[in-house]
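What follows is subunit A paired twice: with subunit B in the first complex and subunit C in the second.
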Partner chain A sequence: MAEYRLDCLGEACPIPLLKTQKKMAEMKVGDIIIVEIDHSCAMKNVPEWARKEGYNVEIEEVDDGQWEIIIEKNK
Partner chain B sequence: MQKKSAKKKKNQLLAGIILLVIIFIAGVLFSGKSPMLVVYWMFGIAFGFVLQKSRFCFTASLRDPLLTGSTSVTRAVIVAFAIATVGFAAIQYSAHIKGNPIPGYIFPAGLHTVAGAMMFGIGMVIAGGCASGTLMRVGEGFMQQWIAIVFFVVGSLWGARDFGWWTENVINRFSISDGINKNAVHLPNILGWAGAFFGQLLLLAVLFIAAEWFEYRKFNTSQNSDAQNASIQI
Partner chain C sequence: MKITEHPLYKKVIKDAWSYWTGAVLLAVLNISLFIVSGKPWGITGAFANWGAWIYKSLGGHPETWAYYSNPDHAKALTEQSFFTNTLSVQNIGIIVGALLAALLASQFKIKKLKSWKQVAAAAIGGLLMGYGARIAYGCNIGAFFSGIASMSLAGWLFAIFIFIGAWIGSKLLVKVFMT
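And now, the complex of A and B:
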């Protein structure tokens, strides 16, 4: 069970989502990815996509206007 | 999973109060010039607030269905169009009954609309937001969009400078007419007021259902394949 960090700071929507989708595809079941974002739009579409895929998602605002989306590839 | 403790955030209460006072003072100053300015001012601030809080995004409404299969923003935009249709129809029809000229922007429609829409679409995906989204994120502090807004203004000014030439040489040649407005289409002139109003609402309803169906199908087929995978693993 590995943990990955994906640095998407300064990346505009939809780049964080595309990067997350790419990374998730090569991860194994049980792995965790932490996506760092500061674009509010990605705050909406990354979790929405991940939830729709059925993954466990958690969002944490680590700083003003900066978030970490924690996704577990649980299947 | 180890949870990292969040950094201590700045308290923004003071900044909020200062901003509120500035908004209020600016409103009072505007009211000295013209009462309408205050109305514009309040509507502008309200729009910005709703945009930011709702993450309403015209870019996402057309991009997310292809990227994620989600059409929630698409449907929100369709609902917004439907509400705007009702509002504008009421305003324009009341003016029409009184015999006043019809208010609103009735612009030439034609091939140049398609070309402009394509260019705007490419631009907004690269810039990471449409005009309102870019403005909203400028305020949020996303610095890439500070660059985008500068060139957005430059492009708009350049376009405005040459707009006369474009109107004369391109727009007026390629636009279609509704028979009453020269070089412009106002749907009630073609379909009648009832036809235009209910036709537009019907079209929006069809688009809404299509968006709903698109998401349902995409979501359900992926659910089905997941269920199959799960049963294979078991």
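And now, the complex of A and C:
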């Protein structure tokens, strides 16, 4: 049950999605990743991909124009 | 109730619109622009004019360039200024509109530079796109979106090469930024 943080602040699409996919491939079932983004289109494509994979996803607006996407590798 | 909690604020101002809403709005607005100004939407033509105006003010002669031998392009040098060149005014509208949308949604943020590699890639990419857009007589708005809407074969050709270019670009992106 490890928790990882992925700093994608200042990165534009599709880098946050690619980095998330790469990191999640290395993670074990039950691990959680928190992806930090400030590019609004990543707020759309990262959760969209994770939900399609069947993972639990939550989005939190932490500041103006800044979000954290919390994904649980539940399978 | 605070306005930021109102469901209508969330739907219209805060959340991203669906691709369908965007597509229909773009189509309707491009048709309106065509009716009012006589030309479909374009963007990068204005950048050529801005460069040419600066060059001219420094004593250069852009009117001798092949690009400005086209009578439609030459108008920008002979009879128009920044405020009477519709493309230039439209571009200011894009910037002001985007700023307004970000401010209304409280999503305005000055982003930090991640690395000098990112800066270099943005500068090189911008120059290549600008150059490409001028020799193709348009970018993905002027040549692709407005081109296809005008039933122009050039628009469809542009579309094929956008896909090839995006494919090569994404491979490069992974190579440069994912290692």
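Observations
Methods note: the second predicted complex is superposed on the first by the 75 of 75 C-alpha atoms of A that agree within 3 Å, B and C clash if a C-alpha of one lies under 4 Å from a C-alpha of the other, contacts with A are read in each partner's own complex, and residues count from 1 in each chain.
Here is the rule we go by: a contact is a pair of C-beta atoms (placed from the backbone, for glycine too) under 8 Å apart; a residue touches a chain by one contact, two chains touch by 3 or more.
Keep in mind it's a predicted model, so treat the numbers as computed, not measured.
By the touch criterion defined above, A:K75 reaches subunit B but does not reach subunit C. Of the two partner chains, subunit B is the only one that A:K52 touches; subunit C does not reach it. In the overlay built on the shared chain, the residue A:V35 is in contact with neither subunit B nor subunit C.
In the superposition on chain A, contact of A:L18 is made with both subunit B and subunit C. Judged by the touch definition given at the top, the superposed model places A:K44 against both subunit B and subunit C.
Contacts of A:G10 after superposition: both subunit B and subunit C are touched. More residues of subunit A lie in touch with B than with the remaining chain of the pair subunit B and subunit C. Contacts of A:V62 after superposition: subunit B is touched, whereas subunit C is not reached. Residues 10, 14, 18, 38-40, 43-44, 63-65 of subunit A lie in contact with subunit B in one complex and with subunit C in the other. The touching residues of subunit A, when paired with subunit B in their complex, are 3, 10, 12-14, 17-18, 32, 38-41, 43-45, 48-49, 52-54, 60-65, 68, 70, 72, 75.
Listing the residues of subunit A that touch subunit C in their complex gives 9-11, 14-15, 18-19, 22, 38-40, 43-44, 63-66.
Residues 16, 102, 106-109, 111-114, 118, 170, 173-174, 177-178 of subunit C touch subunit A in their complex. If you check the complex, the residues on subunit B that touch subunit A are 1, 3-4, 6-7, 9-10, 12, 52, 55, 57, 59-60, 63-64, 67-70, 72, 125, 127-129, 133, 137, 140-145, 219, 222-223, 226, 229-230.
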